[in-house]
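Two complexes are shown next, each including subunit A; its partner changes from subunit B in the first to subunit C in the second.
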Partner chain A sequence: MPSCEIKFDFNDSDESVTVRETRIILLLPVIRRAVELQYPDFATEENAVIEAPFRVPFKKDAGVFLFDTIARYAAPTDDNVHEITVEQSYPEAGPKTLDELKEIIELANFWECTTYMECIGFAIAKKLEDKTIEEIAAFMGVECNPPGNFFAEEDGWIHPPADAFQNVQ
Partner chain B sequence: MDASYSSSRPKKLNYTSYTSLKSVLKFLSVKKREQIHIHIPELRSVNALLPYAHEEVILDKFEIMIQNRSYLFKKLAEKAPKPEGVARRRPEYEYAEYNRLLVMDLGPPSLFDMNDLHHLWRPMGNQGPDRLSFGDLDSLEKRRLRFRRENRLQDSSEHGRTGNCEITISEEDGTAITVTKEIPVDIAYEKIFDAFFSNGSRIKLLKVQSFPDFLMRKDLLTLKVREIDCSSTASIDILELAPFLDHSSLKKLTLNVTNTNVDLLMLPLVQNCPVLRIVEAGTFLSRMLKTTLLSALQNQKLEIFPDIVIIESFPQLVQSWATSSRPIGSLVQVGIREDYKEVLDILDFLKESHGAHPAIIKKLENTDFSNGLSMLIDGDLELAIYGGGKISEEGLTRPQPCKWSLCMEVMKRGDTIPR
Partner chain C sequence: MAYSLPLTYPSLKCVIKHMEVNSRIQLSQRCPSIRKAEKSIPLKIGHLELDQCRVKINNTDYSLAVVCNYFSSPYDLDEVGSMDLGEVIDEQRDVVVDNRSLEEGEKRILRMEYELRMLTDDWEKKNALIGEALKKELKMTTEKSELVNRKCYVGIIKSLFLSRRVGVPAPIWDIDFVNKNKLITFRDEKLSYNMKLHQAFKYLIFKLFSGRRDAIQVKKLSIENKGILRVPASLNLKVTHLEILGSGVDKIAISFQPLLEGSSLQSIKLNNDFNIENPILQTSPLLIFKNPNENLFRARSAFTNVRVELEKSTIFPREALDLIANWLRHGKEVGTIWNFSLTEVTALVCFKDIRKLPGAKYAGHKTSSQLGRSVLIPINAFSEIHIFDEKEEAQDGNDWSLKITVRRKL
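For the complex of A and B:
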């Protein structure tokens, strides 16, 4: 049975996190490529030990959450996206705050876990549904036009404005 | 309790990666994404890349309803050219002779109005295609391509063509606004359509009341529609809609089957849809024709809201199913509009003539319906026939007044208990 011992140093903790499950590392493309430099047959290697810890510019809680859930979460599909809920499919993500979820999804992006990002994105989207547009803009880190720009008089549309047409490809 | 997002956080730490944006935006509701599109310019390009996922869309010839908002398009008459005033009087001492000569020889001044001349030569307005006759999808596609080619030629020759239309946008809460645009009504409709639909757009329920003309000349895009309800029309629109559909996404289809469109049941799109609802418009089909057509259907589940004839055809349908290979779980539900007694008569007839024997259907053990029959099928299957409750009318544009249903289901041998 494949096994490994890989350490991660997160930027808010002096204590390393050790991952010993190969199947989890295989789900992190960036880490897998790095490990395979030393262990070309990493997927079947027993006791693959990486001495130096990986430095991760994210919080430890985000990393631990990702390690705990990445193997279990399945991304929404076109067929089931109408039916699934965060409570049923991603129960551990429900209690997380938006700040915490953002840390998790950016860590997943850092490690190129695109399928897992869809799961966290789904959880974030459900939380954002109740937010105002200003709060969504703040969460995304972008500017938000004031409501006064809602009616674009020169084109006569109320919504979507004419530039919506120009942007749609 | 979920804390509000802190907007005082330093900007650089607030950065959201492009991939994260896409993962979040694609799961937001259309309404929310629309507001993002309006208020957050920086997210417009990424928002436009992701096809929307609509809950319910109602499509009509001059109206579309998206997310409970209605867009109604009305063509306005061409503006009449403003009446020209009397030709300006010129000083007689300079042009008296010349002016008199022009007027006398060429007639009233209005002939000089270029708008009138242009109007006489204005091409005829675009008219929709003739109603499509029946045919397979290949001939439909050829017709569509020909129509599109012809209209493109017309469009190019009409570069910069003008028109006027009025668009009434009504919200769910009853508020409405009307705007006038100096563009043809078809182009306005297409602009709205393009803003909400692109390749890969998903629609949970699409109700088709009429097929808009502009779609006939539109480049194909693939819509992932989960359920289509064509029952409020003659359902021929499904033919014209088929090229725009991702067939593997379609899970449920409701058709209005009449004498004139019964061939729709042979379309691959109809045959391959897991759940097919047939709503009859009250026109009788011959019993044999109906049984033959229904027997040819391979859908996993059939829901039939019939007139009386289907009840009389049910034994033939049972016989057809008993002698053909159907996967476990295949189900026919026939709505019973009249007394349940007719169901009992059918069940008695099946016992006497088709060798069905009384049985308890295990999965119905908690219901009051106990008039179950079973027929053995080759292999390890059996055909269960039983009276059932009311067929769900959820989503039907015009609910059918069926009180009961008569069901036939392919089960694994052993799922019934002989009585």
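For the complex of A and C:
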């Protein structure tokens, strides 16, 4: 039975988080590669202990959430993406705020957990469904132009002056 | 709300990938910095509906109409307000489906008459422009025009449009573009009518779907056309379920086949009349026919997995009997399944007639009143027709299924 003892220091807490499940570490490619430098057969190693904690520039809550859920969450597939819901597939993500989910997905990105990022991306996308475009753009951190005309005048479409309608209607 | 840091590129792609399609399109149009990222992620649409003046993506409408004062039209109009039947110049590489017909134009005249009758007492104000045209046409004085009543007005309008008189000042027509869902109207734009509606529609498709690296994945595509449907030939679709509604099924199927070459169709659904020789019908493992012409059941065809949906009120033993007679005469491949969606009562009526056919062996309760009933009719020494029924998920009242199948003799 493989086991390990690996510590993580998050930037908002003085208390380390210890992970003792090898299967979770195997799902974090960056950490797995670092550990395998010291334990080449880490996947089958018993009691693999890393003395120095990994420093993580993210919040502890995000890390704890990721450790709790990464082994259980399955990414949406082409076949089921129209049917699944956050409540059914990712219940712990439902109560999280967008800000918290952003922290989680960036932590997953930092550790190269690409499959897990799909799950959190899905949860974020569902939360964005009732937001305006301006709010979505702000969340993503990108600049948003005013709507403008769908039928662009530079493409040859002419919009009649507004007063013409007032005369008619 | 304010966020401190933007999403990193990989995270951004994960979020965009799962965003609601219409929000994603709007975001792409309004945020140039992420447009390339958005275009590089495959677009997945649950239900895409196209007709000659409207795109509906899931639950959001993008509609075009030719409008004048009160009236609107879902296809192009000529200078006196009739359906434009002029030649379509096809100099560009487009997929063009022309389903125009005088019949549809007549229907619109009738709808317009109905709309006129529904107008309130201030109809004259609402139709000032047309009123002015009428006065000139009829050389009426101001006093006499007040005597024109509603009924007479309708007749005059109709005669003007139908006779296509020259010299009458045309009403000012515009194109109206509305983008909305059930809750919100996102846009309502007026355009001068200096380009045809089908060109505006093509532009709409281009703005929504152009510039994508991968094919657009559409779970269900519904197509209908009453005028000219013009789609860029570069539209790249990967469709799972195809539905063609209304009339002109064959024209639509033939014209759209190049756009569907990359698709792995799981089903095709057609209604009303169509040509059973259409090659597109060979491209899907399941065919769904809604209210098909009765010739379908008498003709020889290669269809082996078919679902037939008929109006609930139809009592149709003849269709099933025709089909069985057809297979007995010409043979049919082992493994064929034709599935009729209907009510239990109708299935019962069918069974009573089917079991009387020569060579038929009935199994089940003698009065056909219980489940587990089936009929076997031999085709030849090796295969037989096996007919049975079962309950299925309710769909608009037809919650029963009559299956007519061909299997190897036991």
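Note that in this section the second predicted complex is superposed on the first by the 151 of 169 C-alpha atoms of A that agree within 3 Å, B and C clash if a C-alpha of one lies under 4 Å from a C-alpha of the other, contacts with A are read in each partner's own complex, and residues count from 1 in each chain.
We take it that a residue touches a chain if its C-beta (ideal position, glycine included) is under 8 Å from a C-beta of that chain, and two chains touch if they have at least 3 such contacts.
In this text the structure is predicted, and so the values were computed from the model without any measurement.
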Contacts of A:139 with subunit B and subunit C, given as first, second, both or neither: both
Partner chain in contact with A:37 - subunit B first, subunit C second, else both or neither: neither
Touched partner set for A:1, first subunit B, second subunit C, both or neither: neither
First, second, both or neither for A:78, with subunit B first and subunit C second: both
Common interface residues of subunit A - those touching subunit B in one complex and subunit C in the other: 76, 78, 81-82, 99, 102, 105-106, 109, 114, 117-118, 120-122, 124-126, 128-129, 131, 133, 135-145, 147, 149-150, 156-160, 164-165, 168-169
Of subunit A, residues touching subunit C in the complex: 76, 78, 81-82, 99, 102, 105-106, 108-109, 114, 117-118, 120-122, 124-126, 128-129, 131, 133, 135-151, 155-160, 164-165, 168-169
Footprint of subunit A on subunit C - complex, ascending: 1-3, 5-8, 10-20, 23, 26-27, 30-34, 44, 46, 69, 126, 128-129, 172, 174, 177, 179, 186-187, 189-192, 194-195, 200, 203-204, 207, 217, 219
Subunit B to subunit A touching residues, read off their complex: 2-7, 11, 14-17, 19-29, 32, 34-45, 48-49, 53, 169, 177, 179-181, 191, 194-195, 198, 202, 204, 224, 226, 249
Residues of subunit A that touch subunit B when the two form their complex: 76, 78-79, 81-82, 97-99, 102, 105-106, 109, 114, 117-118, 120-122, 124-129, 131, 133, 135-145, 147, 149-150, 156-161, 163-165, 167-169
